[in-house]
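Each structure below is given as structure tokens.
Each of the next two complexes has subunit A plus one more chain, namely subunit B in the first and subunit C in the second.
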Partner chain A sequence: MPKSQFHRYLLCWLAFGAFMCLVPLFASTGMVRVLIFANFLAIFAMSWDIISGRTGYISFGHPFLIGIAGYTTAILTRHLDAPLYVSIPLAILATLVGGALFFVPALRIRGTYFALVTLAFMELMYQLTQVIAPKITGGTRGLSGLKTIILGAVPNYYLSFFVMFAIAFCLWLIVRTRIGSALAAIRMDEEAVTALGLSTFKLKLFAFGTSAAVAGIGGALYVHYIGSIAPRALFDINFLFTILVAALLGGSGTIAGPILGAYFLTFLLEYLRPFLSGAERYLIYGAITLIVYVLEPRGLHSILERAYARIAPALARGFAR
Partner chain B sequence: MINVLIQGLALSGLYALLAVGFTMIFSVGRVLNLAYGVYIMLGGYMYYTAVQVLGLPKIGGFAFAIASGIAFGVLTYTILVRRLEDNPVAVEIATLILAVVMQSLIILIYRPVSKSMWPVVQGVFRYEGVFVTYNLLVAMVVSWVALAGLLLFVRYTRYGRAIQAVSMDRKGAVISGIDPRQMNLATWAISGALGALAGVFFATYTQLNPSMWVGPLIVAVAVVVVGGIGSIIGSLIVAHIIGFMETFTTALIAAELRGVFTMILIIVVLVVAPKGLFGRSEL
Partner chain C sequence: MTALLKLSGASKKFGGLVAVNNVSFGVEKGESLGLIGPNGAGKTTTFSILMGEHRPDSGSVEFRGQTITKVPTHRRVQMGIARTHQIPRPFGEMDVFENVRVGSMPDSVWRLIAEKEPERDEWEIIKSVGFGEREAGMLPGQLSMGELRKLELARTLAAGPEVLLLDEVFAGLTVGEIAQLTDLLLERKKLGMTYMIVSHDLRSLKPLVDRVIVMSFGSLIAEGEFDDVMADEGVREAYLGQARFDE
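Take a look at the complex of A and B:
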């Protein structure tokens, strides 16, 4: 990447960060709460995208990873009264172990079958949390009344945004390196990457670890933001659907895409609320995503990029005049 | 014990019917249709609408269910899958999204509450400690008949053999003058019909609710995964493994753990033997 382009992207990131910091000054509390959800969804979508968008190993089990983090910290704080600065890192650690579980099948299978294994992991977890040790996990009803990190909409907004922004920025720095290119190469042709003498084992391990860590951070913080956890809310195809849709709609294989998708979806949800109150909104989400996916598999990000490429010369000419 | 065996046999019959439509698409088109559960759900809901809301006779209910299954199968293929065909992963993602879309549509029309369906055939078969609902027995018989019909169709009719040819070797089929798209379309229609038919019985076996598509889909996935690449006979065997496993778990351990072993089976088989226990065979 040329230096000037690097600086331009950096400028975009800083402008985005600065703008989002100013949002609570003019937005209503309701809007701020909506944005908190958008931030969490963006974290989850980015986590999904590291594995699936970059390396092409489609994960249908991301709720499994998020759920491990959520349940670990919920159980630790609820039953052992562990402080958050202990339980959250432990939760992230537990998610890394979960990510390693994902990694084992990925050594042998890929493509459609890998997605099925991860889906099976999620459904398995859903059934197990209800049956095994319901006293600890809270069974079907889950656990509620969990500790919160900070109170109030605006502080929570800043927390969620800074975490999201930090993750996005770190990921952006990572994918700019040769590791990023190597991961993208795995998606295109894994054998070719091996043939070049690179260890796909290490590269995949890195991608899975990063994805799990991000899912863990997001999951643990999310649970302590909403204050409750239940199997049906987490290990659910609808939750998976929301993550998938956010990443795909925004544009998988990019950093800005999942963020864009998450914000777009959350705002769409807010505007649809007066018309469609319940699960019906998935109808609109899904329909929009399917249309975009069939027409442009690389999502809104790519559509905007092309629009910019078309407008930019005209703009430049305008300024020159 | 005999009771458990007979129940297992009946449930396995239903599962075989549930899975075979999913297997066929995989065998012919080499794609996984995760919206397959929707055909099952659609079958249940359409039968319910025809028989319990509109008061049509049961035959009408079946006709309605199967017709909607075929229509939806054909629509999924022409609108969505054909456009993504060369990419199985894209099809997998798109059909999963489609399934959730259809689930929301069902919620929008029928509300999220569960509805109970009248059994297709009333009554319970009792004989020396054995009791199975006639409904499940009829489901098993229908399933056997449908599967036998399918097998005969695929093996002995020109059209069926053309479908089989596409599943064996797509390029070879094209050279012989077969249009693989047309065969794929036919497969999706048959798959929709079988799914909807199975759905009527599945809905009477459990109940109607908008998330009922997940369970049968997982059974179908397990059958394909464990049975290897879409063979009808392989699917039949694996459907029995899963059916008996579930019945035994329910009877001997706990009903809640019923699905757990199916999931573990999927994971273990895929990790240990990614090509399935019965290897590669054609339809």
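Take a look at the complex of A and C:
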């Protein structure tokens, strides 16, 4: 990446961070709560995008990873009264183990088959929590009354935002190195990558591990924000598709894209609520998503980049005057 | 002299089809070996066996005296063997420069992230195959077949091979481009690079190779210097049919 482009992106990140820090000063509590959900969705969408957007291994089972983190910390705090500073790191470690399990099929299969196997992982987790160990997991009802990290909308907003921002910034720093190109090359032609002397095993292991770690952080913090965990909500196909659509709509294969998508989707669903309180709003959300995707398959990120490319020369002329 | 890269008694079947049948040959350091034969003779499969993309049903592959039959492809590339493909396989969303950059990457996640990118000779390689600055910024979808072959070659050269297996590298190139590539390959040969070249373009192949081996229906049927092999009646019949090969 050229230095000027790096500085431009860095400036965008800093401006975004600064603006979002000021949001609670003028936003209502309701909007702040909506933004908290958007931040968590952005974390999950970024996690999905590391595997699917970068390497092209489409995962339909991401709630499996989020669920491992959520259930691990929920069980540890609820049944063993473990403090959060112990349960959350352990939950992230457990998710890394889950990520390794997720990685096994990627050694042999890809495409539709890989997507279906990952969907089976999610279903397996759903059954595991409900049928096999209901006493530990709370069965269908899940676990509620979990410890919260901090109280209040604004502190939780800052917590969720800083975690999301830190993850996004670190990922951006990582993918702008050569590993970003190597992972993208896997998506384009995995065999050609091997033919150039690179171990796709190592590269995919890194992508899956990073994705699992991010899902683990998001999942563990999320359950302690909402104070409960229930299999029906977590291993729900709507939840899965919200993650996927956020990443795809925002701009798959980018870092800013999943964040944009997550914010766009969360606000869209929230602002449709007064007009359409039931499941009908998903129809509108689906239609809008489809229109954006048809108009620009590379997502909102690409639309913004093109807009910037158009206005940048005019802005530069304005500053010059 | 000991062969740098050696194939011994290699056979490979795909279902009932014998693609490679008990083939043995070696290529010495600094040598340039042509591998010719009619379509379906098993030349590309032989390359795939040498690269570890296909495991032979029997036989072995040796490199620098070490058996590498079970060594995976990416390790063979790191050891110094690389190939181009008959059908170019560029990374479609990356420009020419980025494609070549991937070819020169180290096989270490840590080094890819933490190490400052060394001042490599990607530009030199890109220029050496005949690309200019304009082409370096182009996507593979904007390139002609000949340019795609040059990109494939540049990307493979970036991996720094000691032995280079070129599969139909001249197909789709203009006369001028073939001359340019020939010069490049001869120049690299002077520097000690070892080649194996599969080509149907015998005129272009001739000045490049020290020796030729001929395959037909998976078997090796002749081996020797270019003119001697071309004069062989068995080769003419198998490779050229009834037509004569005129200089």
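As a convention for this text, the second predicted complex is superposed on the first by the 312 of 321 C-alpha atoms of A that agree within 3 Å, B and C clash if a C-alpha of one lies under 4 Å from a C-alpha of the other, contacts with A are read in each partner's own complex, and residues count from 1 in each chain.
One rule holds in what follows: contacts are C-beta pairs under 8 Å (C-beta built on N, C-alpha and C of every residue); 3 or more make two chains touch, one makes a residue touch a chain.
Values in this document were obtained by computation on a predicted structure and should not be read as measured data.
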| item | value |
| --- | --- |
| Clash or fit (per the criteria above) of subunit B with subunit C on subunit A | fit |
| Vertex subunit A; arms to subunit B and subunit C (CA centroids, nearest 10 degrees) | 80 |
| First, second, both or neither for A:135, with subunit B first and subunit C second | neither |
| First, second, both or neither for A:248, with subunit B first and subunit C second | first |
| First, second, both or neither for A:198, with subunit B first and subunit C second | second |
| Closest Cα approach, subunit C to subunit B, once both complexes are overlaid on chain A (Å) | 13 |
| Subunit C-facing residues of subunit A, complex | 174, 177-179, 181-182, 184-185, 188-189, 191-200, 202-203, 206 |
| List of subunit B residues in touch with subunit A within their complex | 31-32, 80, 83-84, 88-90, 92-94, 96-101, 103-105, 107-108, 112, 210-211, 214, 218, 221, 225, 254, 256-257, 259-260, 263-264, 266-267, 270-271, 274 |
| Residue numbers on subunit C that touch subunit A, as the complex places them | 51, 53, 72-74, 77-78, 82-83, 85, 89-94, 98, 101-103, 105, 107-109, 112-114, 117, 155-156, 158-159 |
| Subunit A - residues contacting subunit B, complex | 56, 58, 60, 104-105, 108-109, 111-113, 115-117, 119-121, 123-124, 127-128, 130-131, 237-238, 241, 244-245, 248, 278-283, 286-287, 289-290, 293-294, 297 |
